[in-house]
Amino acid sequence: MFDIYLTLIARGLSTGAIYGLTAMGIVLIFQTNNILNWAQGNAGMFITYLAFFLLALQLPYPLVILLAIIAGAIMGGLVEKYLIRPVREKSRIGLLMITLGLAMVFEGLAAFIFRPFPRNFEPLLKGSIAIGPITLGQQDVLVIVLSTLIFASLFLILYRTKIGIGARGIAEDWYGARVLGVPVFTISLIIWSISFALSGLVGILIVPRFALEPHFMLPIQVKAFSAAVLGGMNSVLGAAVAGLLLGVMENIIAFHFPYLQESFSLVLVVIVLLFLPTGLFGKKTQRRF
Amino acid sequence: MLKIEALVSGYAHLEILHSINLKVEKGEIVSVLGSNGAGKSTLLRTISGILKPWKGTITFEGKLLNDLDPIQIVKHGVVQVPEGRHIFPGLTVKENLLLAGYKFGKIELSERYDSVYTMFPVLKEREKQLGGTLSGGEQQMLALARGLMPKPTLLLLDEPSLGLAPKLVTLIFKTLERFRDEGLTILLVEQNAKRALEISNRAYILATGYLALEGNSSDLISDQNVKRLYLGR
Amino acid sequence: MILQVKDLTVRFGGLVAVNKLSFDVKPSTIHGLIGPNGAGKTTVFNSIFKLVPYNGNLIYKNIDMGKYPTHSLVNMGISRTFQNLSIFYSMTVKENILVGLHSKKSSNLIKDTLGYKINSEKELLEVSELLNILPYLSVYAMFLPFGILKMVELARALISKPQLILLDEPGAGLNPAEKERLKEIIKRIKEMGISVLMVEHDMGIIMNISDEITVMNFGEKISAGTPEMVIHDLKVIEAYLGEEIHA
Amino acid sequence: MKKSTLISLLLLALSLVLPIVLSERPSLIAYLNLIMIYALSAQGLNLLLGYAGQVSLGHAAFMAIGGYTSAILVMQFGFNNIFSIISAILLTGFCGLFVGFPSLRLSGFYLAIATMALGTASADIIKRLSITGGDQGLRNIPPLNIFSYEFVSEIQKYYLLLIILLIVFILVKNLVNSRSGRALRAIRDAELTAETMGINIAYYKVVAFVISSMIAGLSGALYAHTISYLHPVNFGLSFSIELLAMTIVGGLATIWGPLLGVLFWVFLPRIIGARMEFLATAFFGIMVILSIRFFPRGLSEIIFRLERKLKLYS
């Protein structure tokens, strides 16, 4: 009995890592730009389509992943420069709407260019391995390993590099950073690039569980938002931890009550928000003029 | 050194500065006085490139600053220490300084740390502490230190004494005099007119976006007009 | 007394913004509240409106205001303006002013939905004439200059016929002519029987029209009295004015 | 007569005559009916987002709740249509109350996420229940029957929907221009200032949610009896987003904006051609982005500008 739980937890970690990665992308953008990026999931979906056709061209899988990450980075940069930057000073709700519009653009283009019917997307690693009592797909292990590496490197970037410290500074005081001559716009562009690159990677890693179609990232995005909110929206670490927790809890709940799998995280978010309006790890802000 | 001619500026549709002329010579402390809403902060924001001038010119050492963005203006050696300090509360003291020295490479950066730490030894002690946990006076020190990080030739200070106890205000103004003695040029915006006039060479008085008066600080300090304009009677 | 402030203390984290402040506002007077930036003047206003948590007592006409929520104050007869102009920009001047009348005129959702109209023309005209903004009533606020919006804000606070009005730097950003007019307006407000509590940096305004002045520095009261007394108080000169001024 | 009254009368006449002109093509009338139903929901969202400044990413769920309530009451419990629709409106209003309370504590993005969660979860729950037909959906919902008069043909439905649409739009127009509407807009523009001016923010925010969801519930009930088929998939997160997009493209905080946006949304794919239908989604996304950036009042803004021009030259 206990073994089953170990397996459930291990699988949950793999799902949770995916939520965590997506949530980190969302939090990075939210922190530095004060924007809830609704296009995070669909950007990944679009990039996954690109990857699908690159794979069809018989390019090696790892190269395709690399190309997808690069494509994501470029897309993120373009979006920041041409869509977000001009509207930045206007309203926050307006910025949310822009990312909503962007999500629709990705969805429409994907369905139009690549046709909307579901396609089968092969994983990079197909076998499964047993670690003690736990049986886990190799792809799941890959996800866990890769996301650990990414968590670690994002941390190094945020705390050890000039750009990362700059990004944290921007998040706290955009105006102060600008006055000091910190290249705020360049940093924001880099953050968008990183986020979109992350979303592309997530898309490719997770799509084999589903089928490739224009909506496949939507449920992941919903969970990632939940994780981001639970993590407090202002902490990359919080997002990662909340993503993992959510993945594990969801997996265990789904084992006992399969019909709750989809709603569980959502109901959890609503309950948590009702009692802690700024999430589990969020900072309290004082209400003042 | 800094020359501003017929400058008009403001926010969105609101014109705040109406045709301002002002100059700062090398090695001077020049103060800009005026009550709330007179346009002092707008002036500094326009010089630093946060706001774009609507009309007129800003030249610094012969170069036109009008169309440059804040990053380039800092690179030219014009650095602002904004009102309200704008310390990054979640970043350490050292990280705060690092962002101020963003334009430098590794070697030059550590040189700058040393030089700033000699000026403000207390910051060296607090190096690893988060900016938000410093006391008000220490935060103002950090703000000044950040202003020095990029090796400015002209420092723009917006209300450095704001919200500080009198003892600390004295300390801050002493520090500014030290800056000048080391060859720095300062444009100082202040509410505390008396203190500002005492340490500055020349002063301008702004009233609702117009230049009301200018002259040598020593003359202004005893001028009846100053009392009338600045104190409103 | 129309307003009694007793031992008001406000803390933001570790910072004490207002420290054991006490003063009274007498009925039908203009009471000035002055002090350097950051002295805690606006915080006093925000405490009265329950926008910040505070300790101590705020007593309005013998009622302790501690338990009344922000939105009930207008109905009790207190209204205010803001240091940084706070206007409903996407609404017309008329609509902006009428918001000030919200809790004074009753209607309900069903009446509103069925198109029942409240008649507020009389109040609207009265206050617009006083403040000279009649020509702008149907203009959207976003298109108007600062000076006029300042008057709109004042109109919005006045239309509810308050007994106590809090003005936060009414003169900031106005030109000399507008300031002269403002002085007249504030005097008229007093003549209407309204008590005024005013934060202002422009000494020309404050010394001229105040009946009493409280001076704050670092959250504490350092002086109080008539303008004459305050002007010659050495503590005030040291902390705020920077030098002696001759009235 | 004022020019605007004249234009309104002309448009009214046109909408009255339109189905007669199109009587040979009932499928087009069916489209118009769908447009009117969506326009109701969009109007509810407009009231909430455009006028009160509160985001909802779960509005489709209110439609679903309204639709299922009315359909189940009629089909399983033999309710009279009038009572079933009123019950649907009351129930969605109650749900709106439930969602409105978090809005008091949450702002901006947290509210967006909470509404998204509630909306998605309720669509999911509908899918799991048996009374709703679960994953099969609810089929053969009877057409509207009011005082024993059955609205069977598309033309009959059209006129009924037109009347309801006009009534709701006029009521919303009254509301937003009244004291309460002013309070809502004041909260949207500057919340704390509105509170200081004597507006009970909590009350009005909840009211905005309740009314907005009641309108969506009405729209859902009409949908059920007009389309006669309900499936949870049609009321998921995607449709909530699409509703939002329609409202934005039509023009936030304008009375006729929602109708314009929906018209555009429904007819755009038909104009571009069926094969290019997906391009329409992308195009609509671009419209949303452009609206936010250049036309804050969406399509309505374009019409306003034309109107201003016409006034200049006439």
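Note that the chains take the letters A, B, C and D in the order they are written out, and that residue 1 is the start of every chain.
Operating definition for what follows: contacts are C-beta pairs under 8 Å (C-beta built on N, C-alpha and C of every residue); 3 or more make two chains touch, one makes a residue touch a chain.
Just so you know, these numbers come straight off a predicted model, no measurement behind them.
Touch-path distance (fewest steps) from chain C to chain D is 1.
Of all chains, D has its CA centroid at the greatest distance from the CA centroid of chain B. Comparing the chain pairs A-D and A-B, the larger number of C-beta pairs in contact belongs to A-D. Separation between the centroids of chain B and chain D, computed from CA atoms only, is 54 Å. A separation of 48 Å divides the Cα centre of chain A from that of chain C. Between the CA-based centres of chain A and chain D the separation comes to 31 Å, rounded to the whole angstrom. Chain A and chain B have CA centres that are 42 Å apart. Counting only residues that touch two or more partner chains, chain D has 192.
The residues of chain C that reach two or more other chains are 51, 82, listed in rising order.
In chain A, the positions touching at least two other chains are 287, 289.
Within the complex formed with chain B, the residues of chain C that make contact are 15, 36-38, 145-146, 169, 172-176, 201-205, 207, 218, 238-239, 241-243, 245-247.
Against chain C, in their complex, chain D makes its touches with residues 170-171, 174-175, 178-183, 185-186, 188-190, 192-201, 207, 211, 253. On the chain B side of its complex with chain A, the touching residues are 48, 50, 70-71, 73-75, 79-80, 82, 86-91, 95-96, 98-100, 102-103, 146, 150. The part of chain C that touches chain D in the complex is made up of residues 49, 51, 69-75, 79-80, 82, 86-91, 95, 98-100, 102-105, 107, 109, 111-118, 156, 160.
Interface residues of chain B, counted against chain C in their complex, comprise 14, 35-37, 136, 159, 162-163, 165-166, 191-195, 207-208, 221, 227, 231-233.
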